[in-house]
Amino acid sequence: MTANRIRIGMVGGGPGSGIAGVHRMGMRLDDRFMLVAGAFSRSLDKSRQTAAELGVDEERTYADYQQMAREEASRDDGIEVVSIVTPNSSHYPVARAFLEQGIHVVCDKPMTGSLEEAEALHALADSQGCFFALTHNYSAYAMVRHAVQLVRDGALGKLRIVMVEHASGWAADNVERDLDNKQAAWRLDPKQSGEASLVFDLGTHAHQLMRFVSGLEVEEVAAEMQTCVPGRRVFDDAHVQLRLSGGVRGSLWASMAATGHEHGLRIRVFGDKASLEWHQMDPHYLSVNYPGGRRETLVQGHSGMSDAQARLTRVGLGHPEGFIESFANLYSDVAEVIGRYRKEGLNRYEDIPLPTTRDGLLGVKFVMAVSESHRQQGRWVTVDPYQEIPS
Amino acid sequence: MTANRIRIGMVGGGPGSGIAGVHRMGMRLDDRFMLVAGAFSRSLDKSRQTAAELGVDEERTYADYQQMAREEASRDDGIEVVSIVTPNSSHYPVARAFLEQGIHVVCDKPMTGSLEEAEALHALADSQGCFFALTHNYSAYAMVRHAVQLVRDGALGKLRIVMVEHASGWAADNVERDLDNKQAAWRLDPKQSGEASLVFDLGTHAHQLMRFVSGLEVEEVAAEMQTCVPGRRVFDDAHVQLRLSGGVRGSLWASMAATGHEHGLRIRVFGDKASLEWHQMDPHYLSVNYPGGRRETLVQGHSGMSDAQARLTRVGLGHPEGFIESFANLYSDVAEVIGRYRKEGLNRYEDIPLPTTRDGLLGVKFVMAVSESHRQQGRWVTVDPYQEIPS
Amino acid sequence: MTANRIRIGMVGGGPGSGIAGVHRMGMRLDDRFMLVAGAFSRSLDKSRQTAAELGVDEERTYADYQQMAREEASRDDGIEVVSIVTPNSSHYPVARAFLEQGIHVVCDKPMTGSLEEAEALHALADSQGCFFALTHNYSAYAMVRHAVQLVRDGALGKLRIVMVEHASGWAADNVERDLDNKQAAWRLDPKQSGEASLVFDLGTHAHQLMRFVSGLEVEEVAAEMQTCVPGRRVFDDAHVQLRLSGGVRGSLWASMAATGHEHGLRIRVFGDKASLEWHQMDPHYLSVNYPGGRRETLVQGHSGMSDAQARLTRVGLGHPEGFIESFANLYSDVAEVIGRYRKEGLNRYEDIPLPTTRDGLLGVKFVMAVSESHRQQGRWVTVDPYQEIPS
Amino acid sequence: MTANRIRIGMVGGGPGSGIAGVHRMGMRLDDRFMLVAGAFSRSLDKSRQTAAELGVDEERTYADYQQMAREEASRDDGIEVVSIVTPNSSHYPVARAFLEQGIHVVCDKPMTGSLEEAEALHALADSQGCFFALTHNYSAYAMVRHAVQLVRDGALGKLRIVMVEHASGWAADNVERDLDNKQAAWRLDPKQSGEASLVFDLGTHAHQLMRFVSGLEVEEVAAEMQTCVPGRRVFDDAHVQLRLSGGVRGSLWASMAATGHEHGLRIRVFGDKASLEWHQMDPHYLSVNYPGGRRETLVQGHSGMSDAQARLTRVGLGHPEGFIESFANLYSDVAEVIGRYRKEGLNRYEDIPLPTTRDGLLGVKFVMAVSESHRQQGRWVTVDPYQEIPS
């Protein structure tokens, strides 16, 4: 496979960065990528320091992502895809630079901080014929994929209620006081991340997971946000009522102030035949609950998994896989898409359920609607029609 | 103790009734009551049939609760307290009849179906110097009592979020089609129980449990209800946002359409130091979750229980107690109050946390506000000020 | 039903006693018994004190169980059955006194402390045509009964391995130092309870549960016991290998020194199709595990329960029942047997799976074999052939 | 780090192999190794096929491990360490070939199939000054490391009982009938793997985990084995009583016939202050149970972890890590040791708790003793004195 490994670059991920390391582990796990270029930091020194650690040639180490996009695009062995792991506010310009050069993109969520930027990226990826994957990694867990299959196959019957929450305790305390906490610094700064940064950060994960598992879209929201931690300048707790397509009702709770929760992403979907439940803390299980007091737990690697799910299960029944593997799954999906692209261009990959700009755009629209509803004292606010967004 | 057993009567609970049997088991468990009179049915024959099974004298078996109230009040050995287990719509006239005779009342929840009736009972119990206990049995579980203690003692710190749900699957299916299902017949009939019967039935349990554990009151609600089961004439699913006293926010979910849930009563309370979680399906445990990845499970009978909780724990550590015991706990509380009444009249029993007419009245006000908010498309609706209700 | 209530007496259960209260709650729960006589203590004063609390006539309150047996047998309204809740060492003489008067017996386990006594009671009950129920209450849990049904119906396939443990932490510490701890005083005294008191107390529960659920008998044991708590004069930890009928193998672990375990009774049975698991701490669930990563949890009240199990489920799906209810179930079984006896003598009750003298005798034989194997350095020791014991 | 990556080779792991892929993912995850040579198969074609997939130069691709050992030893850029993932019976000759060339070894467990071979490797590694790591990966889980720390720090008090089991259902069925199942073919063939292959395969994992967590050694065993699956030619179920150092008692259960278990590795350790419990299926949790009904669950990434444990936790609190990460942890340990070796030779690495030849030798001695005890009808058999094995 070595000759066929996909050439990937990275923007962000220099010294002290957070999620970039998980992206790189995710790329490495299945050995289908070669990290050959990077603008790991705006400081060339720091960028080179990271490049040296990662074995990236100095020649292909950049401080300026625009230069990187141009130069890589001009090389015969240039990168095929770039992974963008910078803070949220720079996703747009960075992604744009690479898309304009015809380079595929893997981008951290949320896609952008504004609707205009989101729409622009959505259109640009399309016009450039580029693939754009958004790293909503939770939807790449094997058992989440099985949940989707159960819903599609009608195992739950007609859906009626969806309850989803991403209620974390990561900022339950006054973490912004710790000046060394880089995550807290930008995530909790309203100037960089907006007042509703919580909904961008965690809410969009819950939103995408809910849409992914249920197959439903959010039509209207009624929201209430609050700030729990004294002195904090952004909201840290959001309660959202949902009117979903198909007349389904539900709730979404996003919080970073849920003391005692380690992660807190969890979904429950109720149909008229059965309900399902999945927790990110125990991602190797999926519960299906039937009427009449019978609960079923499926274990990752179980004999009912499809081939597509089996591809996301590396070590079989009884050997738990976790968060890093969810990123590896997402990159495995990216590798599948790029493998096809090499052969036949960007034609069809509907069977590979990667989040794309459409999901990113819907995520931003969701955040906007939540903010608007909150401003209007919880009035029901229509989310911009999803029907008009081409997939 | 035999000479001192409390003389109790019952209205309702004839052949085929549901919860009455649990009340009677709850009375019997600790042997502090004698069931000596009853109007078990409006049919004298059926009332006598039940009386015979229960060992109640024919002389004190009635078909007419008003006659029962009068005659028992006139006897030297008349009942001291009556247990009302009729369908919700008759709670008011029955309770009124006994209160007017100065007889204490234990009454199934919800207290009444209208605000006027609720206020009338609240005033009447007060003016008659009678004790009125509402059977929100869930707040009588030993581990729920410990949860209250943890909150009061500051173990959770300053409260910030409360999430409560009573989402059952009992009517997830079209149970009203089964003509033999008496519960379904009256609970799902909008004429008997109102469109919001779900909120009366299950929502008030969640509401009372939330108030009991958190010590907070609901100030405003924003609600959305739906009917999941085709053909059903009442709402079977309700999502309620809460603005609570002290600036705390939260959500309450009541459902009888949650397929695959057996019971579904569950509460989570988050403070700035820790959070707690309790599920009615596993009532002998209480979870306390701390920041930093440490979760604690306390088991009924644990060494940190107070004496008041120990009274509600009959068989000690490792021997689970359940739903029937929660009724026994409630009746144990009633016995404590009546024991004091015998000695000193109805003076002080604040230390015995039984739900009373105040809770019943607040419950009805909650249902009214939820219905009003739903009618107004989820607008925030103020719950009638609780401050004005004397406790 | 009142005229038909079963007249029961009790020996033991005076002031400060332990399990007697649970027996009495178990009797009361379903209201099929009247406690009308008792020798609650060897002290007449104490016996009368308890009688007064329980509403037992002074005339039928005794200090001497032999007198009680004689007098009750001579009354027209004498007790039909006696419940024996004295310390283990007196089970034999007390049971004998009542059996000789033709009075049925409910007796705490273990049946006796010696093989001779066990055999004598077994023979005596038979010759007197009396019913003798041993209170292995754990086998009366509804979900345990369902486990039996699954095994019998072949849901697990051919059995191969059985793992059972009753490893409690009740005496993990030096509880005998507390002179007020009456339980510790007699249970941990080798003179009263024997060196292997642990195996009598907890081991026989595990032994009976294992036999009950699996339908298998113990043919040989290889055992190792130890004393964990310094200064203790009895064994407090026993590890037993089992050779069971049908060529099945297994292990039994009994301990009272398992620090951090509250109760610790748990069974797992493996067949060639599936396995099951049940924990006494969560008695309302039964897990059935299938090959291929599918685990099923059945909840008490589930729709697959038989009528016989439904009788042991008072409050239906989602309303947990616990330890006291297991005693109520056992007494419900006793009531069934006695109901039939009244009509037709002691003919047939095989369908009511109450533990009897046969189980008591097998339990004592098991303890003897364990002790013998330990003395012989863990050599395999044959348990006296169960085939010869008439059931 | 790239210049510093450790040069590693692999023997075994050609097309269709099982665990080799997990080794390679484990190596890749933290990017501290370069796989630069391999004898992936005895067939040169197949070896080259795998090499091509992995990006290993054809020049350094071998069919003969002896040739590989010689040639790599003679290169300036030769491998520093070899990973041996062949079937158990060839571990000895392969490891010997590399040790003789002064090349460090990572070897799958069990180390060897005979005592002589085990002793020879133990001596050879020592005399060659080579490092030899045995892939008992379960002891590399972060929460297992924390368990060790709790025991060492005295959090459990004085130990008294240890219960460990590796009871899997992987061969609960007649898997050997499936001729494509390569694992089954050699693991269930008594000629290749011995009658006690189960104890070699799973028993040594449980044995090592037990020794690792408790810090105790097995002094004597009493064992009983059986074959559950008809027609099988090896034992598939083993029950072992343990006499451990320090007078501690315990049990070890190894099975591959435990229907419905997916993996089944689990350990419980009881001291006089508390007990702990860990399950491999949920490796990110560690339970600590205290007297008095208080159970604590620690979550991977919790604030009480040491720096050494933090190194084994890549993604922090709330992001579960699993089986692959346990291999990555083990390889991370190997990288630490080799990093030191480069600087200062093989001096000290006691602080890095990797399993070595000493563990491998003790594992083989354990299997021998279990087999001997079984042959002697479960008599207690002394395990060869561990005191004499230099660590």
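In this document, chain identifiers A, B, C and D correspond to the written order of the chains, with residue numbering beginning at 1 in each.
We take it that a contact is a pair of C-beta atoms (placed from the backbone, for glycine too) under 8 Å apart; a residue touches a chain by one contact, two chains touch by 3 or more.
All figures in this text were calculated on a predicted structure; none of them were measured in a lab.
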Farthest chain relative to chain D (centres taken as mean CA coordinates): B
Listed pair (A-D, C-D or A-B) duplicating the B-C contact set, over half by residue number: A-D
Equivalent-chain rotation between chain D and chain A, CA atoms, steps of 5 degrees: 180
Rounded Å distance between chain A and chain D, as computed from the means of their C-alpha atoms: 36
Whole-Å separation of chain centres (CA-atom averages), chain A against chain B: 44
Inter-chain centre distance, chain B versus chain D - centres from mean C-alpha coordinates, in Å: 56
Multi-partner residues of chain A (each touching 2 or more other chains): 261-262, 291, 293, 295, 299, 301, 317-318
Residues of chain A defined as touching chain C within the complex: 291-304, 317-318
Footprint of chain A on chain B - complex, ascending: 156-157, 160-161, 163, 169, 172-173, 222, 224, 226, 228-229, 237, 239, 241, 243, 247, 249-251, 253, 255, 257-262, 270-275, 288-291, 293, 295, 377-380
Footprint of chain B on chain C - complex, ascending: 1-3, 5, 21-22, 24-25, 28-31, 52-55, 168, 170, 261-264, 280-284, 299, 301, 314-315, 317-325
